[in-house]
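Below are structures written as structure tokens.
Next, two complexes with subunit A in common: one pairs it with subunit B, the other with subunit C.
Presenting the complex of A and B:
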């Protein structure tokens, strides 16, 4: 019975995940795409829970589906109708090439993973309750992977500084209503 | 372990990565390109967590958390660029943003 329930949850989460990913790519309106991505991230969090990665699932919902997507939705709402671009560009053979390349990429992934790991994937080892819990994640993060932790903080700092710089420069470059300043920004 | 084999999780992860790559190659709106990159990163994250479960080793989950931090940084810079492009009154279309001149 428990096994059956896990299968049902897996099916619902996996198909919601793939369906919403296809919706992100196919919606014409970026706002709907961003909403579909929230569904995608939420169903991925369910898959993470099934893989006993509780802390990563919580971080996924909080950081990704919460903070990052709110920022996306703010920017899309700020851009308004300017956010709409034509669905796809170029001649139709370009779209066909894109589909073929994506399919080839998927086949490559499946073949490589199947060749290298198919024998080991059949049985998953039993893990304790502590596997993936916040305390264990914190212990591993701050002992074995301390360098990764510090580098992550530097990356986040660089991104914050970069966001501020990009935002303030964009403000300076904004074309002024007066006639002379437009030429000034061009020359700069 | 009850429930589906770990191979099924990897299949979902490969599908997600391919769908994201298709979006990056096909769509013209830079916003949707960014969203598709998020899908690709999440496909990679699912593979990392699946292999972490397969090896009963939490290093994969640590890697997934680091990928999340990088993805958040990438969104900040990408959205900053999109807003900067919009403020210069340029059209938001990756096919037309083909020069690096100001």
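Presenting the complex of A and C:
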């Protein structure tokens, strides 16, 4: 019964993932594409849950499906409802190339996973109780993967500083609102 | 633990009905209290003391013609209030409201779901609830609704950061993200409102902004925006948005009680839910009092307060707590 339930959840989540991913690139309206991307990230979180990585799943929803995508929607809603699709009217060889590249990537992933884990896929997962818990993830981050963790933090800091610099430059380039002169002419 | 699934189901049904009943009577309490604070009577026509007012309101909302703009995007327009209400109600599932009981061979725990990451789960659900507001405003195809949803979005995203950082001190002290364990720790030591007073104040301020309560109710500033993101909603769809807002307020008060005020702890543990309810009601009364006292902030003041006051204070609090926890452990 429990196993059957897992299968049903996996089936629904996996196909929701694929369907929403296809929807992201096929909607003409970018607002719908962003909503489909939220659906995609959400169904990925369900797959993480099935892999007993509950912390990663919650963080995925909180950070990606929540905070990051809200920014996407914010910008798209500001740009207006009838914005053009980003690549509408592009040459058709680009579409063919994209499909071919995606197919190659998929074959590659299947082959690599099959070769690496051919003997182990049929067995039950051997994960401990602590696997996927916040404390275990924190321990791995601060011991085995400390360098990668710290480099990521520097990259994020650089991105944040870059955002501030770009934002302040954009402000300087804008023509100053000539409120004084406008008020003056109106007074005349 | 001998707790079959149907006990959880019964608890969930009771809890959802309690929450909705509480939402209905919160509107009554709020109008009555506001009235008294402003030297008015408040609702006093339907039933004794106006006690039937929420029911009259409900009947009115349900019977109202559901009117919407011809250009509104149907599917999203209808889904948006449902998403907001659903996430608001779901968040309550992980909040512990009692010690747990042992009746007739069955164990009944004091929460619906005890997950080790319940605190992050509540924040994740809150992050998803924002979509109801922004999608609802966008799908209405109205400039006031869109502006309102933009404001909601900017405000919620800004204050979510301060809110999350303000609870970090509690998480560090308890050493856990599980709400039941945080209460256990408080039972053995001290209510965290005393060592984490700064975090408590930041949480209250950011929480008021998270739930769009005055003085942070800019998303629905009626003088500028008509009513904000739900301008084009009427009938029970508007009712759902309103429900989401009040339930969010109950959930936030409950979270505050759990993290800082010892949750269900109080004299004689079997009465836990009663102490819990009492504390939540006091906090809700505080929110209503704030509404009657403080005028609405200006938009730039709101943003400056969030980013330049609350966020640095919350960060500093987390850093100091981390240093102290390491020093004394």
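Note that in this section the second predicted complex is superposed on the first by the 154 of 188 C-alpha atoms of A that agree within 3 Å, B and C clash if a C-alpha of one lies under 4 Å from a C-alpha of the other, contacts with A are read in each partner's own complex, and residues count from 1 in each chain.
Simple rule for what comes next: a residue touches a chain if its C-beta (ideal position, glycine included) is under 8 Å from a C-beta of that chain, and two chains touch if they have at least 3 such contacts.
Just so it is clear, the model here is predicted, and its values are computed rather than measured.
Of the two partner chains placed around the shared chain by superposition, subunit C is the only one that A:73 touches, whereas subunit B remains out of contact. Applying the stated contact rule after C-alpha superposition, one finds that A:147 touches neither subunit B nor subunit C. By the touch criterion defined above, A:115 reaches neither subunit B nor subunit C. Touch criterion met: A:55 reaches subunit B and subunit C at once. With both structures placed on the common chain, the touch criterion links A:134 to subunit C but leaves subunit B unconnected.
When both complexes are overlaid on chain A, the residue A:10 reaches subunit B alone and has no touch with subunit C. Judged by the document's definition of touching, subunit A residues 55, 59, 67, 71, 78 lie at the interface with subunit B and also at the interface with subunit C.
Per the touch definition, subunit C reaches subunit A in the complex via residues 76, 115-117, 120-121, 123-124, 126-128, 130-131, 134-135, 137-138, 141, 146, 149-150, 153-154, 157, 160, 177.
Residues 2-3, 6-7, 9-10, 14, 17-18, 21-22, 24-25, 30, 33-34, 37, 40-41, 44, 47-48, 50-53, 55-56, 59-60, 63-64, 67-68, 71-72, 75-76, 78-79, 82-90, 95, 97-99, 101-103, 105-106, 109-110, 113, 117-118, 120-127, 131-132, 136-137, 140-141, 144-145, 148, 151-152, 155-156, 158-160, 162-163, 166-167, 169-171, 173-175, 186, 188 of subunit A are the ones touching subunit B in the complex. In the complex of the two chains, the subunit B residues touching subunit A come out as 1-12, 14-23, 25-32, 34-36, 38-39, 42, 45-47, 49-56, 58-59, 61-66, 68-77, 79-84, 86-89, 91-95, 102. Within the complex formed with subunit C, the subunit A residues making contact are 31, 35, 38, 54-55, 58-59, 61-62, 65-67, 70-71, 73-74, 77-78, 81, 133-134.
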